[in-house]
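Across the two complexes that follow, chain A remains constant while its partner is chain B and subsequently chain C.
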Partner chain A sequence: MTKPNTGELNPQESAASEIKSYATGFIVSLLLTVGAFAALLSDLPSTWKIVLICVAALLQIIVHMRNFLHLSFSGGQSREDLLLVLFSVCLLAIMAGGTWYIMSDLGGRMHQASGSDAAMPEAPTR
Partner chain B sequence: MSENGLYPGLNLGEAHDDAHLQAESTVFGFWVFLMSDLIIFGILFASYASYLDPIGLAGGPGPQDLFDVKSVAIQTAFLLFGGVAYGGVSLSVKYEQGRAKLILWLLICAVLGAGFLFFEIKDFISQAGEGGTPQVSGWLSSYWLLVGLHGFHVFSGILWIIAMIGQISTRGVDDVVKVRLSMLGVFWHFLDLIWVGIFSFVFLATLT
Partner chain C sequence: MSGETSPIVGNLDWNVTPYTDLLKHVDSSTIVGAGAASVLVLGAIAGLVLFTYMRWWGPLYRNWLTSPDAKKIGIMYIALALVMLARGIIEGFVMRAHQAMALGTLAQKESGLVAPDHFAQLFSTHGTIMIFFVAMPLLIGLINFVLPQQLGARDMAFPVLNQVSLGLTAAGAGLIMISLLVGQFGTGGWTMYPPYTGKIFSPGEGVDYWLWAILISGMGSTLTGMNFAVTIFKERAPGMHLMRMPLFCWTSLCVAIMLIYAMPALTVSSVMLALDRYADFHFFTNAAGGNMMNYANIFWMFGHPEVYILILPAFGVFSEISSTYSGKRLYGYTSLVIASMSIAVISFTVWLHHFFTMGQSAGVNIAFGIATMIIGIPTGVKIYDWMATLWRGRVRITAPIVYLTGFFLLFVIGGLSGIILANPSIDYQVHNSTFLVAHFHNVIIPGVLYGMLAGIHYWFPKAFGFRLSETWGRRTALLFVGGFIFTFMPLYVLGLMGMPRRSPTFQNPDFMPWMYIAAFGGVLMLCALASLCWTFWTSYRNRRALAVPGGDPWNGSTLEWSTPAPVPEWTFPCIPRVKAREDWGETKRRGDPWRSPETYTDIEMPANTAHGLLIAGASFTLGFAMVWHIWWLAILGVLAIPGLVVLRGMRVIEPNIIPAAQVEEEDRRFRQQVASLPPATRADEETERNRGVPDLSEFAG
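Now for the complex of A and B:
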C-alpha cells in the first residue's frame, strides 16, 4: 500500500512542514470563523448572510479535514477514508435533505390554510 | 506533507514501525464509528432545520430570545484552540519529544475543552431559566439534543484525555498508547468539525 520509505526524510524538516500545515489550518479556520460571525453582525440582507455563513462553514470543514484530520486524495489508505466520508455525506444528503424537504413540504401543505385568511374562504365555495 | 497517509489523523510514520501498522486498522475502524456518529449528527441537524418554523417553535421562546452570540463566539474559540492544541500532542508523539511535553499538550487540550463545556453549560442553564427547556417545543427539543450530544462528546473526550494521561504516566508511551492517542486525535478533531456545523447552522444562520 505504501511507497517504501526513502530514509532521506529529515525528521526536523518534516516536523517544520507539519507545524506549518497546522498553523495554516488554524489561521484559515480562525479567519473563516471571524468572517462568519462578522457576516452575522453586518448590515447585509439576511439571504446574503446565510450564503456567506454556509460558504465559510463548508470551506472550514474542508480545511479541518485536510489540515487537522489529514485526509487527502493522495496516499494509500487516506483515499479510502475520504471515500468513506463521501459515502456518509451521500447517505446524509439523502436522509437529512429528504427529511427537511418532506417536513417543510408537509408543513406548507397542512398549515398554510389555517395560517392565512386568503386561503380560508375557498373551502365553503363548493 | 509528502508522506503517505495510512489512516485519518497525523500518521505516526514508519519510524514507529509496529504502532504505525497497528494504527492503520485500529484507527480506520474508529473512523468508521465516527462516520456513523456523523450520520446521527446529520439527522439531528435535519430535524433541527425541520422544527425551525412557527409551528416547531410552538409559541415557546425562539432563537432571538435565547441565543447569545458572544457566548457562542467564546465557545467556538475554546474549541478551535483546543483542536489545534491536539496537533502538539500528535507531533510530540511522532517525534518522541518526551513524556512531560506530551502530558502538557494533553492538559492544554483538556483545559480548553473544559472551558468550552463551562460556557455551554452556563448557556444551557440561562436558557432553561428563560423558559427554554427541551419540553417546551419541538425546536427546543432538537436544539437541546443536538448541542447537548455534542457537549457530551466533548465531555467524553476530556475523560479520554485524562485516562490517556494516566496511561502515559503508568505505562509510558508504548505502542498501545500511541495507537490510542491517534484515535483520540481523530475523535478530538472530529468534534471540532461538528462544532463548525453547529455554530454556523444552529446559531449563526438561525439568527440572521
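Now for the complex of A and C:
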C-alpha cells in the first residue's frame, strides 16, 4: 500500500504487510494495556507499580506513532517527523514536568509526602 | 426534579422549565428566566415560520448545511458565533443591571434583579458562551474562510472533517441554548472548579450541561486544529514558501498548533470531572486520594494557551488591515512571524498564573510570574510593528481602522494590567476581584472581538459580493469602544476598592456610582449589538450600491483579492504560482494583474454530504441524554457516531467535477467585467464608484 512518508502508492507491495503492521501494533498495545492493569492488581510495592505503568504508557505511545500513525525517521519526510516528535515531546515535557513541579510542591505544603491522606496538617513551624 | 430516575425520560419531568418556576413564585428573577426562555422559543418559532414561508429549507440544506466548502463552513461558524454573541451580550447587560440594583443592607442582604443562584447561572453561561461559542467559532470561521484563499488552495485538507467540526461545535452550542428552556445551567463559573461542581455540592443537571457542551465542542476544535495544520503544511500553492505566507496564515498556524496541544488538556480535565460525577471516581474529591487542585492545574494547561488561541487570529487580522488600509507593506514581517511563534510556545509555560493563590511556594509562583512577564515582550513587538506599518502611510479611516485604533489604545492598557497581575505579590491583593474581570475583558474585547469584527468587515465583500456600510461600521466600532470603556474601566476601580468578582450582592454604598457607570456601559454595548445587526441589514438593503464584483475593493496585496466577489466555489480557476510574498501586490506592480490563465482544467471539488449534520445530531442527542440520565438514548447516540463514520467509510464517494468549459466561461466573464469597470481611487473607496477594481497606479503596498 503506502510507503511510509512518500505518499506514493506501491501496488507491488501487498496490503498484507500493511495489515500485519496494524495487527502487530494492535496486539502489542493490547498487551501493554493488559500489562498495566496486571501491574496495578499485583502485589508489587506501589513505586514499582507506578514505574511499570509509566513505562507501559511510554511504550504504548511509541507503538501508536510507529504502527498506526506511520511516523518514520527514514524516508522523504523524516526531518518533518523528527521535528514533530521533538516539538511534541518538548510541550508534553513542559506540561508533565510542570504538573509534577506544581503538584509535588502543593503536596509538600499539605504534608502529603508520607502518603497518609488522613493526616491532619500541623501548624506551620516557620 | 423528582428523586427517581425514569428509565424512559431519565430525570426529565414537567418541573424543569423556567415557566414552572414562574408559576410557583413570581419575582423579577423568575420573570427574567421565563423571558429568556420565551425569547428562545419565540425566536425558534419565528425562524421556522420565516424559513418555511420563504421556502428556504431546501436551499439551506443543499447549499449550506451539507456543503463541505470551507468558505461556507466558515460563514456558518460566524453566523453561529453572532447568534451566541447576542445572547452573551444580553446576559452581560442583565448582570450589569442586576449589580446596579444589588446594594444590600444589613436587614435585607439580597436584592437586585435576579436571585443569587440565577446570577451564578448568568455569569457561568456568559463566560462559557463568550469563550467557547463566540470567540472560538468567530476565529475558526474566519480562518476557514480566509486561510485556503490566502494559501492559494481550493479547500481545507479534510473538507468533510471540517463539516464534522462545525457540527460538533453547533451541537455544543445547542446544548447551552436548550439549557435556557430545559433545566438549569451550572453555577460554578466558566471554569467549573471542583469540589463545588462535584456531585455532592452540585447534584443537578447544570454542571453536566457544561461538561457535555465542552466535551463535544472541544472535540470539534481539536479536529479543526489538525485540519488547519495539515492545510498549511500540505495545501499551499506552488511557490508559497512558509516565509511567503501572509501573516494571517502564520497566526493560523500558531492557532492550529495550540489547538492540537491545548484542547486535549480540557478534554482530559472534563472527562475526569465527568467520571467523578457519573461513575463515582475520586479524581477531584478529598476522599480516596483525590486532589481538586489538580483540576485547576489541568484546566489552565488548556486555559492559558486558549487565550492566545483567541488573540492570535486577531493579531493576524490587524497585520492584514494595517498594511492594506495604509497602502504600505507590512513592517517587520519576520519579527511578526517570530513573535507569533514565540507567543505560541511560551503560552504553554505560564498557566500557573491563573492560580497563584492556590497555596504553592513562592518559588513556584515566581517561576511562572517571570514566564508571564516574558510573554508580554513579543506582544509588545507586534504593537510597534503595526504602528510602524501605519507610520507615514495614507491611512483611510475605515471601520476596521477604527477597531484597530481602539485596539491600540485599550489592548495596551489591558496588557499592562496583565503585567501587573503577573506579579504574584500584587495578584494576592487583587485576585478574585473585579480588577481581574476588568483585565481579561480588557484583553478579550479590544483584542478578540474588535479583531474579529474588523476581519468580518474586511473580508465581508469577498464572501457576499457587497461591502458593509462604512458609516454604520464606524458607528458600531465606536459604540463597542465606548461601551467597553464605560463598562469595564469602572470595574478596575471597583476591584481596587475590594469588590469580589461574581458577587450577587454587596453592602458597600461607595460602589454604587461606579456600578451605575458600568450599567450605562452595558446599555452602550446593547446599542453596539443593535448597531452591528443594523449594519448587516442596511448593507444588505443597499447591496446594489455597495456591490464590488471586481473583487478587490481595498486595493489589497494578498492572493484572496485576485478572485471575484462573491468568490466562486472553486476559488481559483487555476491554482496560482506564487513568486513573491504578497503575490497579488507583486502582480499589480508588474501591471495587468487580471490576465486570464492559459489553460483551464476540470476542477475536482468534494461532493456535498449530510455526514457532518448527522454526526452533529448524534452528538447532541448523546449530550442531552447524558445530561438527563436517559441512558437508552445515550447508548444510541454513542453507537450512532462510530456507526456513521463506518458507514461513510464503506461507501465509494465520487467527487464533484466542475467541467473546464464552465470554469472558463465564468472566469472569462469575470475578467471582461473587470476590464469594463472603472478603476476606483482611494478617495473613492467608500463611494459607489468602488466596484472592486482599484486604481493600480495608487498601489504602493
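In this text, the second predicted complex is superposed on the first by the 85 of 126 C-alpha atoms of A that agree within 3 Å, B and C clash if a C-alpha of one lies under 4 Å from a C-alpha of the other, contacts with A are read in each partner's own complex, and residues count from 1 in each chain.
Methods note: a residue touches a chain if its C-beta (ideal position, glycine included) is under 8 Å from a C-beta of that chain, and two chains touch if they have at least 3 such contacts.
No experiment lies behind these values; they were computed from the predicted model shown.
When chain A is checked against chain B and against chain C, the one touching more of its residues turns out to be B.
Looking at the shared chain after the overlay, A:64 reaches chain B, while chain C stays out of its contact range. With both structures placed on the common chain, the touch criterion links A:105 to chain C but leaves chain B unconnected. When the shared chain is aligned, chain B comes close enough to touch A:25, but chain C does not. Of the two partner chains, both chain B and chain C are touched by A:91. Once the two complexes are overlaid on chain A, the chain A residues touched by chain B in the first and by chain C in the second are 80, 88, 91, 95, 99, 103, 107. Of all the residues in chain A, the ones that touch chain C in their complex are 80, 88, 91, 94-95, 98-99, 101-103, 105-107, 109-110, 117.
Note for the complex: chain A touches chain B at residues 1-3, 5, 9, 11, 14-15, 17-19, 21-22, 25-26, 29-30, 33, 36-37, 39-41, 46, 49-50, 53-54, 56-57, 60-61, 64-65, 68-72, 74-78, 80-81, 84-85, 87-88, 91-92, 95-97, 99-100, 103-104, 107, 111, 115. The residues of chain B lying in touch with chain A in their complex are 1-11, 14-15, 24, 28, 31-32, 35, 38-39, 42-43, 45-47, 49-50, 53-55, 69, 73, 76-77, 80, 83-84, 86-87, 91, 94-95, 186, 189-190, 192-193, 196-197, 199-201, 204-205, 207-208. By the touch criterion stated above, chain C contacts chain A in their complex at residues 233, 261, 265, 288-289, 291, 293-294, 297-298, 301, 345, 348-349, 351-352, 358-361, 363-364.
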